[in-house]
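What follows is a single structure, and I will ask about it in a moment.
In this document, chain identifiers A, B, C, D, E, F, G and H correspond to the written order of the chains, with residue numbering beginning at 1 in each.
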């Protein structure tokens, strides 16, 4: 409720058009309505192609299915991350058009006309990093972004990266995924002048400490413009990349 | 050298307009010229308001002064971070219009017409976080962004944050700075639908472990859209926020 | 043996009513009897509704069953934490009225008239934190406290928390449970003027380091009045909350 | 503004006793006033003897002096922690009745009639832990609690602790301070049935890792009823102990 | 080969009683024979009741059986630690008199007359620490020491420990086993004037970090005379205790 | 394409022997061809006995088989590390002459005439370290090096190491593998004047922290000439040892 | 008060020689007197040559001087560790015969006839470890032990250690001090059949992490019989070595 | 003493040419003479250009001067690392031809004819890494190696590295020095087929954790052929590079 609406309401109270109890109910919840505005804002976001997201780890097949069905009823795209094939099988029974991405374990539902805007590039170092890279890529796609992929371009073979310079240059924002020594975001960041969202993965062994080595490397990148998300958090990277990419669309 | 330029050169060789040795010299360095393009790209970046940056920690007063003077000659804005008052005194002698920001220890030089576009909001939790927050804010300003500040709104007093909801909503990208338990980026991120660049600070003692607690908290934010830079890295956050903010200007 | 009893004994020795050897035996063990007073004190505690507690992890089904049966014979409430369904099945055979809480894995036996005093509020951030939150809540209930629950109010959606302000305000002590970035206790602590017992959970992945991130965040809370227990230690939080809550009853 | 006040206001608008603009101003800020209630609540807290607190680390002598003077004007007790002797000298010039506790580096101002209620016992292991223990004790005293001290009773000489059993037993809440192996809270916790707030200190060397060893020990206490604050956080422990101790006074 | 033996050999070479090649072979290996003296020393150790030890973790059933059989042929006691029941079943087929201790997973073979000297006391905090405590106790027994046990005397119930003061006092060396906060060795060490070998266990959860908390606590013991072995290393503690205990027998 | 080849090409363009489009295609990729030179260099490396390597962890049986078959077609030796017996069974069906080393889990294919040059010595501390040591040894053998082994010479029994002094002395480079306290590389390094590649293993328990203790020990070796690879990285050590060993062959 | 004394007291009560109140006072404190026995025990220890010890770190010059003077009055040896030269200068004024050891920063006072029994060998790896080694050696000497030293025998030059085999063999207990990779205790432990007390030092840089690397190495020693004290804790090692060495004297 | 020499000696004993006592003396020390061979080996190493090395940290100016003078008398090159300017001033007084390298803090003395063989390339990422890089370079030079330098080629500006491809290719072994994210060794290692010795530096702040981030990155290099030394250990890298480089000279 904004200032004008409130003024009108008070006028109506004064005029007797609105009863005191009725006005009381409306005004009493106002703080929460204001807080609720955030929710409406969120709905606005949804209309702009942002899906509802279900984080499936630690939920039962039944829970995932029920939540998915409930969200699907809203009419927007739906995204479920870290979902097992068994979860998908259950969801598919009630939402046949739901789609499953095996590598990242993502269930996605596309509803209405799909428009993919801007340009996000997802880069990854090795084949073992693919599930995380795909979680980022699919997340961004379901959120309505155009995504390109540049995979298996680890720093130990620079020519593979350099041969794809043009791909790097045309992206509005880049997601760079790497495990082990996590050097790729620094190298990529040095070649572009766009924001780079770095995702460390738990790929590696021994002193990789389940992604800690890559995480620290990325946080210490000598290249400005690189920011970092949690280990294996492809979803967070794809989500952030979408927020950034959409900025290039806002004013048009 | 692009495809068309190369084609023309070959035509000239065929026609005898260009000697083989001359062509040889031009083509032989081509890979580096292409790599050199990155540098030219960077120059383009500079014209768009991106400054050259000097990281002063570990440099002598003389070195800082010399590099500053050299960069200033390029005509673009110049930014020197982690600079002491002594360094500024020395720089000021040769570049009288250089400006010093005491809190973050930043020397800045504005050259030519300054234009500040878009909207970056720098939020910080406590007064001890101010130096880092200001490093981010000044960096973004020197890079040509419009910056607003919302300081001292730690999570232990939520009303201070909520009372400034409108500031949060109108920013295109937010930099959120916090030490100790590092909770602020999650709370802010939950109130907006824009990218949040989180900066952990080394403020705190004991189990804060010089910023580690805040860093881990931010990496584990339950709020998608939050990415993280190194502890106390206000510069990196301001730089990234600028890259993001400029995306909203690109097509205009 | 207290001062009066000792005086009487000495009187009896003087009077010849008690032999020296008999007195010797009684007095010689007195230090341990005094230490034994602690045990009697503990019994007093039990009468005030404090149960005996069995930590089942690492015990066999037979051991749990036997200890449970033995404690039940004492007539007070009995609490067994980290108990499997199999343990419960075995206990139920000998103590049919024992009750099982699946989520936290707790077996409870209520004996005699149950009185629930005061007001403890258990708050938790996400659904994955529920088992730990319920361990705290059930522990407090079995110890004779009135417990209310406020679940799924993570900091990324502040309105859910703020809409329940009244619940927060009326509690005498709060248990706040959160994983990932562990920000909830700081936010809650800033809204109340009562003690907050914070429980980090191992919920999360990557740089959550099995609850370390949440633990560090809570230890560094910028909000005075927050104290912390071990990761996933719902029992310890419920137990402490009960000790605190009972203080409000002591003098009545 | 509560429900009744709001109803009255609306009635006044209806009756014309209050103008629309005036009502508008009052209602528009209501969410923040409600949030502001927390502040009022805090004021209520102050009247109950809770001081305003200044954390001096990282502030200048001038800042500390100015804030102290401003808070003193409020008429309640004032507490400044981690204050240097130099800060005290400056404060004393403007507030001559301010008192300085050298060991913990605390400046305190007592205003109005002082009433010390309940019973808090501060226990500490070694003489090196005294500054932290005194920070807890003085904090609690300034907040209006009766505090007793039991110092230098480390676990390597149990008899010192046991000889003071009666002190342990009569406390309503205990603050237990220890560095090195941090074993004291477990031992004390096993002797009482009251809440124990454990404070690890940075006392020790080598594998003490500046208090980490003591912190971990306390978090893993085998004794239920023990909660933990940050390393060297005597203030937080004293503050929490005060919140708990006051619960025993609430209903009287 | 000692000086006298070498002198004799040279005499034999001079006299022609020993051929040069034969002497060459003997002398050439002498450095290793001298090093081999250590082995002979070890054999001497064995005669004094020190067993050969097999660390079974990572070995196959067949390997354990073969090594056990080979060592048994030497006639001394044999000890196999971290052995599974399956390993024991296999060993028992070829060495029927071998004995299995289920709790610590130890296979022991006693050969010849057993003499148990001196006095080692193994103390442990909780029932979950028993496997480690028993590994220490059985190791020391197989090595020919008299071992007494004092179990389940955690610091949260001091009276259990104090009631057994006499046991503590009569031991020549103590092994103290504890997990979680690892406070027991400090408390025990403060009650005796004998060496204490502290064994941290991996018992606990969360911030116990698999024994790290207990390990750090023990290393920081405020009580001189406490030394520490690796987490869960009951064998190492029993072995060291035996070396120490035997010193009290050496000169007799 | 080197300078001479480029000059020739330009001559051909001038002479009309090569069309402009054809030349364009050749020159346009030149940077990558230059980068491709690295690849050709690598081929040269292969001819010198360096195999292609497949890291099997995280790959499916089908993927490993397909890649192995493809590499085998190149005619050089092929090496697959961290391969399961099941992977070998599948590879063997299509490449019957492939050989499997069970201990390290390595599949190797020797093609053409095998020449083993120089001298690499692989030393290891205990039998549990054998899989890592064999990964190093087999890697070096497949790469065309002569490898000797000196196993089970841990520092607790120095004579075993000293008895094999001559083996140590004749090696051109040594790989030293150890878990637990990781002391062996320092001791070996002190006995030779050749480079030592140290490999920490994850052998051990408790405070071994899965190889961290050994890793730190080796990095802090008091003996110059010792360098370190990742925990359990036998392949990396064998590969590096081969690079070093081949240097002794280069000029001949 | 022992059993006989208590019996006599009861007899006196019976006989009226002692009043009930008087007896009451004596018996009531008995537990603490029994605990006091420990203190008397300690006195017995002192008579056997154990000194009182002052840990000077964190104490003022005045405090150290006062405590030293007070302890000296007891007539036994006095030991002050981590003492500065300034502290010594002050102590010397009141106790002229006090002696200062510069390297470890130890003040010692020898009183009465000195007897040095048994045999402790202190071994250290490098010259930088000398302060810690000397703290151990001097501690043991002041406690009445015969101490030999074997310094600068790091594992990178084994011959220095092996050439002193006889020293190693004749010791009853060994203290082995090393920083960096901490390998020396394992090597020494493998050469002797006596207890080894290992002391990690903070000598080193980088990944030595102030002694952590050495500490972990020693805890993971592959050699049974090695126990560990805190980083740089020479005093604790000397004290423990004395307790062990004295066991060889007890029965004589 | 080798086999032949021993045979001869025995022959002489048989023939009476050598007395038994004389032979006894020679043979009795043989183990140490053999161990002494290592020393002689070391002398051989010195003649090949390996200097004696003094690690100055923790030594006094007098000690450094005395050791330097003593080593210089040996006639070979002398190297003192981590030496202050004050140490150099003192050394220079007695050895005027000693040379000081300010950046790495190295004192070097060149004696006799200097020959620099082979080819070592020292690469470093940023100007802050120069002291460590120079320590490596000077160490290698004093040991008689030809060293080239390629500085300030961090991964954020790849073209600087690629433009110097030829330098990379012609080196026999490379030392690569980097702080912060430590990515350079992986990138360099992917461009060459020679051994790379990686040196992490403590350059950086925050989550660089004094070089830990760079250390972990290098240990996890995805590029085989990279081995790692301790943080800031330029000396160790230069020493190892020399050992490797010399292998290419050995057989000539």
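Heads up, the rule we're going with is that contacts are C-beta pairs under 8 Å (C-beta built on N, C-alpha and C of every residue); 3 or more make two chains touch, one makes a residue touch a chain.
In this text the structure is predicted, and so the values were computed from the model without any measurement.
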- Item | Pair joined by more contacting C-beta pairs (B-C or E-H) | B-C
- Message: Can you compute the centre-to-centre distance for subunit A and subunit F, using the mean CA position of each chain? Integer Å is fine.
- Response: 40
- Query: CA centre of subunit D versus CA centre of subunit H: separation in Å?
  - Reply: 57
- Geometric centre distance via CA averages, subunit G-subunit C, whole Å: 42
- Message: With centres defined as the mean C-alpha position, give me the subunit B-subunit E separation in Å.
- Response: 61
- Item | Where subunit C touches two or more other chains at once, by residue number | 31, 34, 38, 158, 162, 190-191, 206-208, 212, 215, 219-220, 230
- Message: So which chains actually touch one another? I want all the pairs, not just one.
- Response: A-B, A-C, A-D, A-F, A-H, B-C, B-D, B-F, B-H, C-D, C-E, C-G, D-E, D-G, E-F, E-G, E-H, F-G, F-H, G-H
- Residue ranges of subunit C touching subunit G (in the complex, touch as defined): 3, 6-7, 10-11, 13-14, 16, 20, 23-24, 27-28, 30-31, 34
- Which part of subunit C faces subunit B closely enough to touch in the complex? 125-126, 154-158, 162, 180-183, 186-187, 189-191, 204, 206-209, 212-214, 216-223
- Please name which positions on subunit H make contact with subunit F in the complex. 34, 38, 41-42, 44-45, 50, 53, 165, 172-173, 191, 193-195, 197, 215, 219-220, 224-231, 235-237, 239-240, 243-245, 247-248, 250-252
- Task: Name, in rising order, each residue of subunit E that touches subunit C in their complex.
- Result: 127-128, 158-159, 162-163, 203, 205-208
- Message: Quick check: in the complex, which residue numbers of subunit B touch subunit H?
- Response: 31-32, 35-36, 38-39, 57-59, 200, 202, 210-212, 215, 230-233
